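In the part that follows, the structures are each spelled out as structure tokens.
Common to both upcoming complexes is chain A, partnered first by chain B, then by chain C.
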Partner chain A sequence: MKHHFIDRFSYEKGFLQNLSPSFKFLILIFLLIIFLLLPKKIIFYLPFILIILILISISKIPLKYFLKRILIIFPFLLIIFLLSVLSNKNFQNFLYSLLKSILSISYIFLFSLTTKMEEFFKIFENKKYGKLIFLIFSFLYRYFFILYDEFERIKRAMISKGKNPNFKEYTILSGNIFVRSYERSERVLRAMISKGWKIEN
Partner chain B sequence: MENRKLKIEIINLRFSYEDRKNVLKGINLKIYENEIVSIIGENGSGKTTLLLCIAGLLKYEGKVLIDGEEFSESLRRKIGFLFENPDDSIFMPRVYDDIIFGPKNFGIKGNYDEIVKKSLEKVNLEGFEERVPHHLSYGEKKKVALASILSYEPEIFLLDEPTLALSPFARKNFIELIKKIKGTKVIATHDLDLANSISERIIVLNDGKIEKEIFI
Partner chain C sequence: MHIPDGFLDFKVVSGTNLFSFLTLIYSLKRILKKLKPERVPLLGISCAFIFLIQAISFPVPYGTSVHLSGIFLISLILGPFSSFFLSFFTLFLSAIILGHGGILTIGANSFNLSFIGGIFCFYIYKFLEKILPKIKYFLIFFISFLSIILGSIFCTFFLSISGKISFSKSILPMVISHTVAGIVEGIFVVLTIKFFEKVKPEILKIEKI
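Showing the complex of A and B:
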């Protein structure tokens, strides 16, 4: 089954792909803090927009693909910020918050696209308290695709039986996925225990 | 057979799930060192449940003795369980992490890179260390799952439907790998051809009871 991998371009040979994941992660955190603190003047935002465009280009990511993916989150951002506009009635605040969010998400997205997730998880692997984070992230990443495949398979089965899923069917489908995930988690836990995993690990 | 060392002894094993009673109804079975035993039977006859009980992964009534000892955590390293669906047993982001998962948990000392390399060589997947599981074919996932138990060198292999859903070529390939593994092997399967070609003994399970024992 075809997946839209979150680390889709991490196997390309571009500028960001060649940097170490931990270095990129530190820079990303630093940038996110800066975005939070940026003053409300457009001049401060322009360099970051320019930088991300250059990074996209030298990391061999198609600009069209990048923008299309970023657009997916727009409806969610708009709902949140429309609510904030309605409550504050401050249009300028709304605009700058929106800009900060878009910048942050764009940089996070760029980081995820150019970093092999398995290498990213390794940052946490040997740190104190990191083992659990490593395991949780690993499982999220590993089983997201399996659940997505199952979701697609059930959806296809529904379509093959003459039903194009609408809201009601999607609810049933989600319930079905939840039950299957629970059953799978039991099987995975058994596999882990059989390889010596202990709960207190 | 009797002059071989007794590896697994099952005495009056009974098991019920919450929603399915009497899945195993008093199983008595002896399996000897390096013996290859296949368990066949209808869907729901209790094959997988029997393997899970032997591996100490279910709480049962009766006794399962491994090398004469009742199951305890210290015996876990002696058992390698190959699950039916490889996606259930390879759960880490990289093949490398999956293969060292067992050795790390069992506190096996040594060079992990070397352990991973050797385990992958045994299943003909050299150079797969950095691969991610969702980029692998089903056959490759099965082999990685096998390598992930070979890495801690168990003495007993419990193989649940090892050839299920494999292409004829991949199936043949996988059977050759199973043949090469050294140790006691208990195989739950619907693949009669596999059972016939690989086993010394076939156990027919029906409705939670041993119906027949066939010596090959």
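Showing the complex of A and C:
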């Protein structure tokens, strides 16, 4: 099945793709904290907008695609905007929060588009408590697409048998997915053990 | 609702992140102490299941759709701290790859969704179930509903102490807009639990951590 893979630009040879994931993540957190503390003057925001435009171009990400991805947060912003209008709050205050939010999400997307997720998860692998986190992340990233495929398959089977899925059918469908996930986890465990994974605490 | 980055101020971000990370570390220690290693794949795949439930839209009457949280359901199956732990990572990954929520607001979002839905509501349910075992399904419905409504109340609270909205004027629209999602979540959890009891009851007998 065709999936819209999130890290598809991470295989390009650009500037950000060559940096290590842990370094990029630290810089990202640092930048997000800076955005949090930025004063409400437009002059402070302009350099960061300029930097992101340069980074997008040297990392070989199509600008149109990037802008389309950022649009995803607008429904959330709309809710906060409506609540802010309802509360008679300062509109300028909202605009600066909006700018901070768009800047943050842009840098987050720049990170996720240029980083191979498997490499990012490996940051945790050798830490003291990180092994479980690494495993959970790896399972999450790998099995989400598999479960989604399974969901689509069951839904298609339901429709082809003349059942137009309504709310109740969707519930049975997701219950079914969990039962299958439970059974799959047992098969995965057997496969992991047979490939040399040690059960250790 | 997931709060995006940029809308919470420094004091709220630091307070909520401190609380959530302490809860996360406690959950991790508890899981590592009690979890049988054979259960690791189930934990991982359940995490993918929460992500899936949050990613798909459920059709509701009158042509609209809502997405569910599934966190209370997972806490009923795997236990409160596992549920917090798993949903924290789904929040983190959905912030990074889908843009739902934010990275610095993960403390607030995981408090609203994972702590309220996973830990707080689980213990409320366990307490009430002992007193009123006869209305078990109604309790599951009501507490699932409560988890969504409480989440929306805390979301309004965090946004208001950051000075973005006024609590008294926003609370009513916020709660009303989450009512449908709460009812749908409640019916979903009850029907899914009934489905497990009928099809695979051993899922409900997994050790809860």
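Here is the rule we use: the second predicted complex is superposed on the first by the 146 of 201 C-alpha atoms of A that agree within 3 Å, B and C clash if a C-alpha of one lies under 4 Å from a C-alpha of the other, contacts with A are read in each partner's own complex, and residues count from 1 in each chain.
Basically, a contact is a pair of C-beta atoms (placed from the backbone, for glycine too) under 8 Å apart; a residue touches a chain by one contact, two chains touch by 3 or more.
Everything quoted here is computed from the prediction, not taken from an experiment.
K.L.:
Tell me the contact category for A:52 with respect to chain B and chain C: first, second, both or neither.
P.N.:
The answer is neither, since A:52 touches no partner chain.
K.L.:
For A:195, is the partner it touches chain B (first), chain C (second), both, or none of the two (neither)?
P.N.:
In the superposed model, A:195 contacts chain B only, not chain C.
K.L.:
According to the stated criteria, A:139 is in contact with first (chain B), second (chain C), both, or neither; which is it?
P.N.:
both
K.L.:
Does chain B (first) or chain C (second) touch A:175, or do both, or does neither?
P.N.:
The answer is second: A:175 touches chain C but not chain B.
K.L.:
Should A:97 be classified as contacting the first partner (chain B), the second (chain C), both, or neither?
P.N.:
Once the two structures are laid over each other on A, A:97 reaches chain C alone.
K.L.:
Where does A:158 make contact in the superposed view: on chain B (first), on chain C (second), on both, or on neither?
P.N.:
Neither: A:158 stays clear of chain B and chain C.
K.L.:
In the superposed arrangement, does A:111 touch chain B (first), chain C (second), both or neither?
P.N.:
second
K.L.:
Give the label of whichever partner, chain B or chain C, reaches more residues of chain A.
P.N.:
C
K.L.:
Have a look at where A:184 lands relative to chain B and chain C in the superposition and call it first, second, both or neither.
P.N.:
Both partners.
K.L.:
So which positions on chain A get touched by both chain B and chain C?
P.N.:
Correct list for chain A: 117, 138-139, 141-143, 146, 184, 188, 192, 201.
K.L.:
Which chain B residues qualify as touching chain A in the complex?
P.N.:
My answer: residues 52, 55, 57, 73, 76-77, 79-81, 83, 85, 87-89, 91-94, 97, 101-102, 105-106, 130, 132-134, 148-149, 152.
K.L.:
Which residues of chain A touch chain C once you look at their complex with the stated criterion?
P.N.:
These residues of chain A touch chain C: 6, 28-29, 32-33, 35-37, 69-70, 72-73, 76-77, 79-80, 82-84, 86-89, 93-94, 97-105, 108-109, 111-112, 117, 129, 132-133, 135-144, 146-148, 151, 165-168, 170-172, 174-179, 181-182, 184-186, 188-189, 192, 199-201.
K.L.:
Which chain C residues qualify as touching chain A in the complex?
P.N.:
The contact residues of chain C facing chain A are 1-7, 9-10, 13, 25, 28-29, 31-32, 37-38, 40-49, 51-53, 55-56, 58-61, 77, 85-86, 89-90, 93, 95-100, 102-104, 156, 159, 163-166, 169-170, 173-174, 177, 184, 187-188, 191-192, 195-196, 199-200, 203.
K.L.:
Touching residues of chain A toward chain B in the complex: what are they?
P.N.:
Touching chain B from chain A are residues 3, 117-118, 121, 138-139, 141-143, 145-146, 184, 187-188, 190-198, 201.
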